[in-house]
């Protein structure tokens, strides 16, 4: 495989009259990810890292990675990191945060991990108002194990374990996590965003930032649900997959703020 | 229009085309060659030279392989010694 | 400090606190609930962490979290709760963070009952969860010993970055005996270098049990096995009574060993040359010492409060050529010394008879 | 010398505390002691019992099949433990609640109207003390004074107003015990 | 029916269906997911029950429910998932309802990896969960045998009202071999008399694992132990190759046994008198037959895809006086025949040397 | 203990001009319960049995008992019964119902069992719209294990594991199960009632009946939360305990209908 | 007012007093004696004779030990041969 | 006689199917066969391989350290398996993607421009077939016709329109194989 001829190296291009508009966030590690091309896990990682940079909390951040495609997320962030058992990230994060109250602890979880096997742990972390932040990747499928039905798989969606399309009468209805967790008093921030285009990505980042601010202010449990794509298991190109997020997922999973406690609203207002 | 420039980390790029899709100026395209991972990375078609430095490509990139620069608009603008031109 | 009359569960909890336990996560279950309750009172008093988890699954993963942060952390439960912790235990083992577990065993299988039992011997000694590892397993038979082993558990956990289990049955958890608590230790001011605390200025730390490649996981397992081999060498603990001249040795631990102890003393009064071998560390199991005994002693009896679990280890240790019998009561019954005596007498008569015939 | 004692009755009759008091007394006298309760859901409204062992030597089994001494505070306990007391042993029967009579002649039996005595001195809740008094009379594990001292030392401070009454009940029980003739 | 080229996981699923499996509950996990996926397609087609559970904890309890209703029911998982099922397994054992489990084992401990392993030997054979019982554990080493044992699993589960585990490693789950599927069985038209179906006109049925009193639980355990003793007598299964004249016997099951098989055949060509003993039932374990071999064979080698778990059973069986060595690869590595050959050659040289010296 | 002198035997009193106004329901077994005096578990049992009688479904009913004080509930009902692992009754009920679609399957669960360890299973049963009925006994405590804090323990309530009173900042906020489950699309009926006096008991029974009707009509998942007492662990007389339910629990846990799908409303209307 | 009567299963009764609390007529009371379980069961003070058969006691009873009867109001009422009176 | 074959390449190059085809062919010829894939998350965008064994006897180990035959469809596979092929064995190299050259003289090496051949006949996806053809030329496990029959029997019906093209690619690969001289 030939290496590239047109490698654009930094040294050639640094000019005093240019300013840096965007650079790779520091809270990301140098390691290359193993994600499939165009997988929005990468976008979510980047946004979190940007927020950690902006809040200046990389040094006190602790990531709890899930079991799912993002199982190795701790390799991709340059922060302390742990790998939880499938679904148990919020419990592990609870243990970490309780004995490290000054740190910034966040879990990063897929929909199989959080909504299916781990629903008890995330609900109870929210019930307790655990001061952690949850980044929740809803890609409507079990990515890592090869595309089985998730609790968030939408009606009629074909997966390897719902070969005729999800039949809600037999297998249940898509779960709305942001809404569900917003109903718990310990939750101070619960919103849904999407990663299907740049406008929505920018909005998603804002939400992630507020979610971490909620933790920094010691208010309680915060979660950002991100509608994401899995081009590989959906059998689509990355760009088609984002269109599918927009056209099929967003209508099912309305974007919005399901809970923002007053303290956060006030803070936002002041800015 | 502001003038911008992007630098792609070609070894990191997976050729997913999300940046191409995101670019309002249509100045990104896939290379014909492969990087060492077997992907065809993206590059900035510099001859088009219409990049505005809006950074939307970087916002869209899952692999954080895009660095974006923008020229600083200066009252007394003297033509910048373009690196691309020097190439 | 002077001896106080202490209830097992409470003594253990207080001993853990004094050994420097900084965080406790647990879920109520009889017959260990007083341990959790004592923690709920004392830990907040001391500004330490107590949290009642939503389940044992959550508890073990909270322990995993706090252990990853490098603090002394523990949980306690009883048999069904320990079953629910198996996955988490295996993760902790796979990430080599130190953690302490107390299992106050009860009758099974299933919901069974809450009476004293030794039903978890296999589940904790053979490998708690999937994969190749063993936690250190310590089995006290008095409250004083429970206190001492509780302190030791934390020290061993830290020393080897391993899981340490203290297993007892409901009887020891519920009973009261005079015992002396250790002095209160100072808490360490620093966390270990591998601990997750936020990276600050150092390189990031990672706590994980994943090794995706077969070779890396094999390599990790080799390291783990080497560590286990060191533990097997260094941390064997057992107690013996009248074994020097015994011709029949009872093997028993925990409450069963106390019962056997009474039986042995009475049988000695009848001049039956019986001895007692009491493993204190169930893993590592004292195979070798038992093997040495088997070189001389022709007959063994495993006394357990179950249907026969440790007996397989005893058999492995003593070999095929000696007589090995079993006396046990599963289902939450504490055997009576009289029952053990009867069993030994019958075996002894048999043995004497056999000796006459040969 | 090892003495095993089972104290049994309804939940709420102070069975566990009575056992603990004996245990403390034994410990205060420098003896080896163990105390172990029955526990379980059957406690709920059912019977409770505990086993106390006081010994000069290290104690092995904390439970016994046949106690040296049994204290039966209610009928089910009487029915369960009366046949089990070791020959030569002692059985204390709470006559207030147990009208049945033991036919055993190989043990010392003291019938004590524990509820009534306790009520006389203030509260039926002290019935357990009346029974303990009777026990000490027949099996002088330690002196009554020693037990009173232990009571003083281990009764929670907030209950010290009850000390005097407990003492009287204990003494009364002790006297009943002393007065009861024992079959050869 | 003719032989088809079948993938292990798919063959097993289809065999279960043909054996009359009426309900499947499971949760995806590599390397057994194709089994679940096959079920998701086939069961609804046949009007039977397929449900993807929210977790392995839920799956095992759904199995418990359907088993209580007296239908043939199964689940499948891999090591971490099996760890999560331990409590439910113990409940099923305590209520004596029949249920079938397939464990396609992978490397541990913890998340480990998804490569083939035999890491759950202890966790499934020694007592799955708390309490005194053993599931029947069957270990196929070819796809044909997996099919046959799958059918047998359902029959044994029903016959003894017990849990039957079929354990295999990822290699057998993933590989393809020609094999013949059994014919489709008719489903029974009636449920067993103890099944929960609504009482109708009969007395109510109860499925429970509680025995609150110590004596009732002890009695139940005695009955359970008697049943286990019958199984130990009736359901021993193993296979032998060249053991008649072997002076060194390899003990191995599953894929490890296939590897050993190749090694044995090649070593025989070198005139090294080696044999292969392959337990098919891991519980009951063929202690006695191995003991008989040990009366004659001086040297044994346990070959496992782990760090040494079955070796303890082998030691128990063969006693202290024979040589017993271990060759294993934990962490998801399939050992190579060459490695086993090297090990055996080294042992053989040692043995010949020893023979010369003595 | 003397037996009673005034035993009132049936035979003496049967008179033709009297009518039977209330009798012990047939769906209850003859076995005496082990519940403490005045424990409302008994009332809940009776109501369920009355409903089974009235709907004529005793013969196809299957009870799944929990782990908690009602662990032996299968002894007290004269229906087929199973005993689930702690918290897993809805999963076990799912298994039973899926292979016995014509039966009437119900779980009976305490707040430790359902809201704490078993929250995942009940949520997913609701998500799937599993056609089962859940009777949920909220007594704000772990009864069986001797009075530890439950997820439903109210703020400031002293329990053996919250000796200074529940501190919501550290241990979390009381969980509102009827509300939480009403948010899931598979739930067709989710209401809260109380057992603290006869008026409320009668209302509770009506709700239980609708919950079973929902199952009989194959509509989906139904749950009735019943505010209940635990005189023993609360350290109160049975009557004081009921007053505490009224005065301390009802304000925390508002009674009401959180979800009643239209099909059920219509049915109710027609009656 | 209707006239009623309740029958208590005294062996089942645990003396919790919830029925006493529930009875609008105040005609229930605890016995001084114990049943074989050690509880003091409830009985209907028949001399009061003011039970209306409203069954609220039964509604409140956790142990389902109360059976309730009510006299059928009859146009031509002839005095009922009262079992209690026959006692 | 037992032949072990490893086929390796990028995911998407048809590595697993090529292996299965050989396995089917072996089975159809009445031989013992096994097929085993590598599996795991590294499949994601990484390399894939499978091991096929065709034997006259029952097959033990389904994996091998050193294959008799290796088919390397991309560079990483070449680098990994080239040194492992048993002396006397066969290595098929996809010259379209692999410019490196083996220096081994103890094995038969066939370089085949598999991508180009496949593309010629319609689609680069048939590169695997070109390699198989070359393999059969050097290791005649069964005749080309037998393999074609197997392809016909086991290719999913909906793909039968591709049969003819596959056949041609196979044949072309076979010819390249036949033409390649083998070192002594």
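Think of it as A, B, C, D, E, F, G and H in the order they're written, each chain with its own count starting at 1.
One rule holds in what follows: a contact is a pair of C-beta atoms (placed from the backbone, for glycine too) under 8 Å apart; a residue touches a chain by one contact, two chains touch by 3 or more.
Keep in mind it's a predicted model, so treat the numbers as computed, not measured.
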Check your understanding: In the touch network of chains, how many steps separate subunit A from subunit D on the shortest route?
Key -> 2
Exercise for review: Using mean Cα positions as chain centres, tell me which chain lies farthest from subunit C.
Suggested key: B
Point to revise | Higher-contact pair (C-beta pairs counted), E-F versus C-D | key: E-F
Point to revise | Centre-of-Cα separation between subunit B and subunit A, whole angstrom | key: 26
Revision key, fill the gap. Rounded to the nearest Å, the gap separating the Cα centres of subunit A and subunit E is 39
Study note, to complete from the structure: Note: subunit G sits from subunit E at a C-alpha centroid distance in Å of 62
Revision key, fill the gap. Cα centroid separation, subunit D vs subunit E, in Å, comes to 55
**Study point:** Of all residues in subunit G, the ones touching two or more other chains
**Key:** 14, 37-38
Check your understanding: Residues of subunit E touching 2+ other chains?
Key -> 30, 51, 54-55, 57, 80, 87, 91, 95, 110-111, 113, 115, 208-210, 212-213
Study note, to complete from the structure: Note: subunit D residues in touch with at least two other chains are 40-42, 45, 74
Check your understanding: Can you list the subunit H residues touching subunit E in their complex?
Key -> 20, 23-24, 27, 32-37, 39-41, 58-65
**Study point:** Complex contacts: residues of subunit A adjacent to subunit E
**Key:** 67, 71, 83, 85-87, 112, 116-117, 119, 142, 144-146, 148-149, 151, 160-164, 170-171
Check your understanding: Contact residues on subunit E for subunit C in the complex?
Key -> 57, 79-80, 82-84, 86-87, 89-95, 105, 107-113, 115, 119-120, 122-123, 126-127, 129-133, 208-222, 224-225, 291, 294, 306-309, 312-313, 315-316, 318-321, 329-333
Point to revise | Touching residues on subunit E, where the partner in the complex is subunit A | key: 27-30, 33, 36-37, 40-41, 44, 51-52, 54-57, 80, 110-111
Check your understanding: In the complex of these two chains, what residues of subunit A are touching subunit F?
Key -> 116-117, 119-120, 123-124, 127-129, 151, 168-169, 171-173, 175-176, 179-180, 183-186
